[in-house]
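Chain naming follows the written order as A, B, C and D, and within any one chain the residues start at number 1.
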Amino acid sequence: MTTDPGGATAAPPAALSGHGLAFRYPDTAPVFTALDVRIAQGSVVGVLGPNGGGKTTLLRLLSGSLTPETGEIHVDGERVRRGRRALNELRRRVQLVFQDPDDQLFSASVSQDVSFGPMNLGLAADAARERVAWALEALEITDLADQPTHLLSYGQRKRVVLAGALAMRPSVLVLDEPTAGLDPEGVESLVQTLEGLRAAGTTLVVSTHDVDLAYRWADTVLLLNRGLLASGPARDVLADPALLAAARLRPAWAPAAGRALRAADLLDPRAPDPATPEEAARLLDLDSGG
Amino acid sequence: MTTDPGGATAAPPAALSGHGLAFRYPDTAPVFTALDVRIAQGSVVGVLGPNGGGKTTLLRLLSGSLTPETGEIHVDGERVRRGRRALNELRRRVQLVFQDPDDQLFSASVSQDVSFGPMNLGLAADAARERVAWALEALEITDLADQPTHLLSYGQRKRVVLAGALAMRPSVLVLDEPTAGLDPEGVESLVQTLEGLRAAGTTLVVSTHDVDLAYRWADTVLLLNRGLLASGPARDVLADPALLAAARLRPAWAPAAGRALRAADLLDPRAPDPATPEEAARLLDLDSGG
Amino acid sequence: MLAIDAAAYTSPWRRVHPAAKGVFFGGLLVCALALPTWPAAPMVAVVALAAGFGPARVPPRAFARAAWVPLLFILTGSLALLVTVGGPQGAVALDPAGAARAAEVTGRAAAAVCCQLLFAFTTPLADLLPRLTRIGLPSALVEVIALIYRMLFVTLDSARRIQTAQAGRLGYAGRRAWIRSVGSLGAALFVRSFDRAQRMQRGLECRGYTGELTVLVEELPLRPSALAAAALPAVLVAAATASYFSLGAPL
Amino acid sequence: MHIAEGFLPWQHAAAWTAVAAPFVAHGVRSLTRAVRADPDAKLLIGAAGAFSFVLSALKIPSVTGSCSHPTGTGLGAVLFRPPVMAALGTITLLFQALLLAHGGLTTLGANVFSMAVVGPWVAYTAFKLVRSATARFGAQTSLDMAVFSAAALGSMATYTVTSVQLALAFPDPQSGFLGSFTAFAGLFSITQIPLAVVEGLVTVVIMRLLTTVTPEQLRRLGV
């Protein structure tokens, strides 16, 4: 199951990769000793594993919010050099969005907050204004532009932070638990919006506890538990009970439902598993209806 | 599907009930205008609905953390009277536990924190100490007693908060999203522990976004969306697509998987749906193995 | 979360430049303070309240709730003006001129409070604070003030949730418990505030933070004619007061 | 205890603004210097300011069974030093005036002088004096006594200064400033003395917790 991140040949080029990453927090055991990861351009990469398994650490290493002890980060094929300038360039190209929106919202006005990144890039007022408008549009929150941050709902604040990251025009968006705390409809609508960004060319790296979500949404997944347990297509990795047990995850429903449907001859043996319970129900209703 | 909360006759007595509850936050539209809910003794009641649908408001009304504009709360069959004394008695008997443990940990060490409630009850030092030991034991965190709270993991902090509530010896524990932020293994182990409390006689009211969890764990569910959409056995309410759509929830996987397994003749037509993907996989493996 | 703040963001006057609102209510406030209380204070109160409850549609109930705090201080403070201490009549005695003095102070302060509150009810701080650099405050200070404004809501939110949790465990059921609860609440807030600052530091670094919190502040049109119009009510009140005295009314 | 908008005659309001101004200017200078020296300081100061505001919005039990608010001057002075408190206290008072209608805009100078200048300096002096005078009673007792004195005396000082300000504005027609000071101080003492004691006790609880939970943070602040 584990594929060598550097070994794929016909695969799309890597938007972002880490080679031999080692990291430890002061006075603790190392989180990673020699981690290799590869994020293909234009893909959605799910990062899964138990709490304390290193998900957030990996996201921070990839986005320049932590510096690895040893190892290298490559963005768009270029190695990130040491030094403040290269680090800032990495941070711009790989935007990290934290789980708690209040960690990244510092302004009481939505449009002012979103303009922070573009202003840091040294853009002129007009160009910055355009960026802000475009980012708010992409997150479908243009109507919130003049709202005070503190009167927004949790889900709205999450979108504002995303708009602030997007306004940097990153090539990769790294999202720490973007769906945590959202209700099912909120999850769905955020996934739709993020799919729109991906279609427009942004690569997405997403950590999550939701195996079912990763199964239906991610192209590839990274399974972490203080080191890389596996990486590969979501539908292979997340259907492997042994790997899931090692990562202390429960299996997804979709493979079991798919197998049951195939056993009942309601799904073609080579067709993919149903992504959602609705899809499974539709197949069953087709049968009982026809 | 909607059952009159007062109408059940052979049902177990109500540990907690609300009658004609009305509530609004200042300067906003009412959340509830006349809500009737009934929590049967010794049951696990799931509270589901979209964000902003009133889940947390209901939990706070039931536990005396908010006071309804009109309507009554009954605990163990007694009406809660107006006034500070009666309110404090309600709060003691119905303990509310929030989603974020950091909002509820404010002492330096675990045992000090758990003793906060017993001290406020005016218990003597010995009696308080006994309560603390018992609550830590029940949550399986006796070994954490002398730890400083800020060094604990998220899951451990959640358990300390639960111990703090349990040390009040409530008849009902009201839990707002207890599984949020936990990894799948953490969810499983917390549910096990809470089942232990239920077996010892504590009634549980649990809000959650996780339809699959409610489907397999709750006895009855309340579906809220600014008012009660439905209440009844979890396996009836959460298998009804129209109700779920009204509550802006997605369906659970289990009913779809159960139907598929029955269509494949791998599950008895009257047997309950599989609770977990593992259970479904076992039924499928039995088939392919035999 | 805070009634005055929340109302300001939905005010119909939100789009009016803060400077114009400042001149309007500030001018009336100066009238209330600098002109003879009778008749200037009642006139100021009537004009300010008419504007506030009329075109500015300030919610009256929220206004009344907010006005209660300063009014309580004004009334208590005026009590001391009713008496005279250590005079020939004894240690404490009613001052015959005290009622008039108390009434004058109460009238002046009540009118002034109306102006202050109505400015607050129509001017969101998110619109006002970034413009404080225009009156010469150093930008580093203005950034800190704006940051405090944002962070106080986050902290206030934590405070409310911690307090609710404490109340659920009967932390406010008696005086001793109350003191213990407020103390532990204060300590928890301190720890969380500094923790939040550190996480925000990391969060903003990802967005290119290097020490400046520069943002794009949208220009609001400010026409000199609008400023002049905003000053007009104060001028009229002053003129009316002057003519009141020139007609010899108080005699 | 905040003097409401319009309660002071305008000459007094202007005079107190002038008196408070140099302290605030000094505080702002030390604050901007700290920010320039260390970019991290900006967010920490933001957090400290937000903390000061919320602390002074907390409810504490008062004598009549109703509740009141702590001044926070004692804790603020011990944690952040009086010069910084002059700046942070001014910002807090500005927000209190605009967001809660506690205190006025023209009376801001008078309120700043009592609550962000005199209160913190009295508290800080009391803290230092009691700390060194009680050193022989052991670290915890000494700290408790110093913190209690700082908070209680800081609170009393703000109330005394406010009474002085009101007495100067409204001297008694018979006995002048002294008589009127007695009237104001007597009137407010009913609520303020118990409040000062409560604030002292609350602040002791806070500091005890902070010394066990974040000793390194306190060391960094130089407590």
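Please note the rule applied: contacts are C-beta pairs under 8 Å (C-beta built on N, C-alpha and C of every residue); 3 or more make two chains touch, one makes a residue touch a chain.
Since this is a predicted model, take the numbers as computed values, not measurements.
S.K.: From the mean C-alpha coordinate of chain C to that of chain D, what's the distance rounded to whole Å?
M.R.: 19
S.K.: Please compute the C-alpha centroid of chain A, do the same for chain D, then give the distance between them in whole Å.
M.R.: Centre separation, chain A to chain D: 47 Å.
S.K.: Between chain B and chain D, what's the gap in Å when you average each chain's C-alpha atoms?
M.R.: 44
S.K.: Please work out the Cα centroid separation of chain A and chain B, and write it as a whole number of Å.
M.R.: Between these chains, centre-to-centre, one finds 31 Å.
S.K.: At which residue positions does chain D touch at least two other chains?
M.R.: 209, 213
S.K.: Considering chain A alone, which of its residues make contact with at least two other chains?
M.R.: If we look for residues of chain A contacting two or more partner chains, we find none.
S.K.: For chain C, give me the residues that contact two or more of the other chains.
M.R.: 5-6, 125, 147, 149-151, 154, 180, 184-185, 187-188, 191, 196, 200, 204, 209-210, 213
S.K.: Which category does the touching pattern between chains fall into here: line, ring, star, complete, or other?
M.R.: Graph shape, chains as nodes and touching pairs as edges: none of the named types, so other.
S.K.: Where do chains touch, given as pairs?
M.R.: Contact pairs between chains: A-B, A-C, B-C, B-D, C-D.
S.K.: Please give the residue numbers of chain C that touch chain A in the complex, ascending.
M.R.: Residue positions touching the partner: 1, 5-6, 9, 124-127, 129-130, 146-147, 149-151, 153-154, 196, 199-200, 202-210, 212-218.
S.K.: Using the touch definition from the top, list the residues of chain A that touch chain B in their complex.
M.R.: Residue positions touching the partner: 49-53, 153-155, 180-186, 188, 209, 211-212, 241, 248-257, 259-261, 263-266, 274, 276-278, 280-281, 283-284, 287.
S.K.: Please output the residues of chain B touching chain C within their complex, sorted ascending.
M.R.: 26-27, 60, 63-65, 84, 88, 91-92, 95-96, 98, 100, 102-107, 116-117, 119-122, 150, 164-165, 168
S.K.: Which residues of chain B touch chain D in their complex?
M.R.: Spelled out, the residues of chain B in touch with chain D are 106-108, 148, 150.
S.K.: Considering only the defined contacts, which chain C positions touch chain D in the complex?
M.R.: 2, 4-5, 29-30, 32-34, 66-67, 69-71, 73-74, 76-77, 79-81, 83-88, 92, 95, 97, 101, 105, 108-113, 115-117, 120, 125, 138, 140-141, 143-145, 147-152, 154-156, 159, 175, 178-180, 182-191, 193-194, 196-198, 200-201, 204, 209-211, 213
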